[in-house]
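We just call them A, B and C in the order they show up, numbering each chain from 1.
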Amino acid sequence: MITLTDIGYAYPDAEHFALEKVDLHVEHGEILGVVGASGAGKTTLAKIIAGFIPHVDGGELTGTVVVDGADVAELSLSDAVSKVGLVIQNPFNQISGAKYTVRDEIAFGLENLGVPREEMVERVAAAADLLRISHLMDSSPYALSGGQQQLVAIASMVVLRTPVLVMDEPTSQLDPAGTRMVFDVLSALRDAGSTIVVLEHKVELLREHCDRVAVIAGETIVAVGEPREILADERMPEWGIGATRFTEAARAAAGRGVVAGGGTLPVSLDEAVAFFQEDVPA
Amino acid sequence: MASTLYMDRKSPVHRLNPVTKLVILITVIVIVFAIPFWWVAAGVVAVVIVPAAVVSRCGGRLARLGLTILLPIVVVLFIVQGLTFPGGRTALWEWGPLALTTEGLLFALGIGSRIVCLVLASILFVLTTHPGDLLSALTERGMSPKFSYIISSTLQLIPAFRDRADGILLAQQARGLAIGKGLRGRVGAMMPLLAPLVLGMFTDVEERATAMEARGFGSTARRTALTPVPDSTAQRIVRWSMPLVAAAAIVLPLVTGAL
Amino acid sequence: MSGVDLRFDDVHFAYPSGTQALRGVSLAIGAGERVAIVGQNGAGKTTLVRHLNRIFVPTSGTVTVGDRSTAGSTIAEMAALVGYVFQNPDEQIFARTVISDVMFGPKNLGCDEAESRDRALAALTTVGLAEHADAHPHQLSLSERKRVALAGVLAMRTPVLVLDEPTTGQDARGVEMISRVVAEVSAEGRTVVAITHDMDFCAEQFERVVVMTQGEVRADAAPEEVFAQREVIDAARVEPPQLMRLAAQLGWGSRPRTVDAFVDAAAGERAR
């Protein structure tokens, strides 16, 4: 569904590359998590997949980005955005401000594209259902919590039926409740046919919800693979990414000889329980 | 919603298409200014505005708002014109060199009645018309969607803008900025308050513009609307006849020499 | 430089709109303590800490910082005692260079140019941005700007430091830096009060946790004790730190706050 080949990009007037020699392939219907330290290039990658680089940000983009069979850099911006929906970290700036109810807000994109009314009604209801915000349809978007606003922003993208959804740190400004709201809908979105790329710091949640995880460090993708293997990798600190305390505790316990160690370290709570129970019978 | 005066009621007046109400409002204004007798304005208030206010159940609010805005204006108008009207001869009451004249009071009545009619009609329009509906209706009739967007989003973003301004003030005070001292007309002292506000606005506008592009805002396709604004043939007839009424109001007095 | 004592005496606070945000909060925080305030959004955490620098004054009750009641001062006057780091750095940063922004606080407190510059450089070194001193703030990323804002308050060298969600949006290195700052400030005897949603950070860096729900303090104790109070934690909708959850699932009696403490506990369990 998404193939990046030998991508290189430098922002206009920048002294060095933001990303270099990036190759990535995302399968149809996959949820790919992307981790990396702040400033490593997550937002740059998100914008490249969504076509905002180079169309909005300018600069020099080398390599090819193919989404759903089309070369994104060759398309116009409006065609590019019909392939990839982008959700950013600030929920407030994604709300149009032109609409007074959540229902109208979600429909905004469809109105712009001239979609017939009966179809709009149906698509808006389906998107709200999927995001579990049907009970908020008549509320003002500005009366909602941050988490709810993000769900409205995601619904506003989902309603456009783009094959790919890219979410750039969608929970970074949210509290734990809001964060859970957003992560909880990822599988439903995937089951409804979206391919999702979610760029985040929250390792425990990425382990739970992603099919694969990629790591950005040193201006390129340094690893891609199965979530548990990647997120328990001993190079995580070097990459500037915080492993879960479960992983750290397991590594430290193995290091001090308290447990036998060996095998992949745990990332989630359940994996940690299994890990410590094997070696430390209660 | 805090930033509009709209009162949500289910009344026939509320259900009228916003453009219909706008056309009626403009026609009313033209009539009372084209036929400047005080009893014309008073008549319009009695026959058009009061019944509409009652039917729309916004009478109380209209009265309160109207009084707040109009009372000072009308009182000053009567006093000033009563005392200083150049054509004033018939004195009703004298106090030294000042005289309150009938002509002056009548003149004030003429102007005042028109102002009252204009203000009450406008307030009633705002109380019964949701800004979103008005903009939708205008966009349907060819107003630029970008213009409509600018107006709606500005209205809704004002509270957020205010909150941010408050936040900036707090953050700088918490770093020791003593207000009162800094506002001695020095632009430099305003920088800690203005710079974050202006920069924040630019960043937001940029981000929001990109987000709106991603939702097809720049599309050239013909827009559709999810919640259409109700309209009817009867209203269309009314809207087409209003300009004729207004034209008649302008022409009639000239023709009959009543002025 | 040493800290000052903080006291909340039966503080009630209602917003002008009528919403009751604090219902009879009494707290005493000693100089040099590190206290974390946790709870759901809306529980009153921000309202509470904003009484410390006099953004709010109690509707009834008193808030005392050192030997003065906040009611008798202005926000700018309290700034000399209580440094407050707000969540959004972009509501604070205004100068053309990083260093001149960081110098704003010290200058307002009466430091001359040289002293302000020294303090600013020291603060920037603490947050790891010394090499960006002459950069334009908007050339930096959001998390770097958050550090500039933090430096701006650190440079004021206040006896009390209040942090409003310091780790939100930060990556691992950012959290490490914040943790270092908390440790350094506290080692100087200064008081640190932080609102946080990150329970791991909370358990590791703070020896006292205050749990709030609906304007009231429901628990106020060391992390080990607080996170053991199931009903309170559930009512506050707070999830215990990862290591404590793990220890609980493994059926261990202890509630370790750090990785080392956890491994010690594991060794202990193994020895049985």
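In this section, a residue touches a chain if its C-beta (ideal position, glycine included) is under 8 Å from a C-beta of that chain, and two chains touch if they have at least 3 such contacts.
Please read these numbers as outputs of a predicted model, since none were measured by experiment.
Taken together, the touching pairs cover every possible pairing of the chains.
For chain C, the chain whose average C-alpha position is most distant is B.
Distance between chain centres (mean CA atoms), chain B to chain C: 47 Å.
Centre-to-centre separation between chain A and chain B, using Cα means, comes to 45 Å.
Mean C-alpha positions place chain A and chain C at a centre distance of 29 Å. For chain B in complex with chain C, the touching residues are 164, 167-168, 170-179, 191-196, 199-200, 203. For chain B in complex with chain A, the touching residues are 1, 130, 132, 145, 148-149, 152-154, 156-157, 159-160, 204, 207-208, 210-219, 221-228.
Those residues of chain C that touch chain B in the complex are listed here as 53, 55, 74-76, 79-80, 83-84, 86, 88, 90-95, 104-105, 108-109, 138, 152-153, 156.
Against chain C, the residues of chain A that register as touching in their complex are 37-39, 89, 145, 169, 172-173, 175-177, 201, 204, 237, 240-242, 244-246, 248-249, 252-253, 256, 258-259, 269, 272-273, 276-277, 279-280, 282.
Interface residues of chain A, counted against chain B in their complex, comprise 50, 52, 56, 77-78, 81-82, 85-86, 88, 90, 92-94, 96-100, 103-104, 107-117, 120-121, 124, 140, 142, 156-157, 160.
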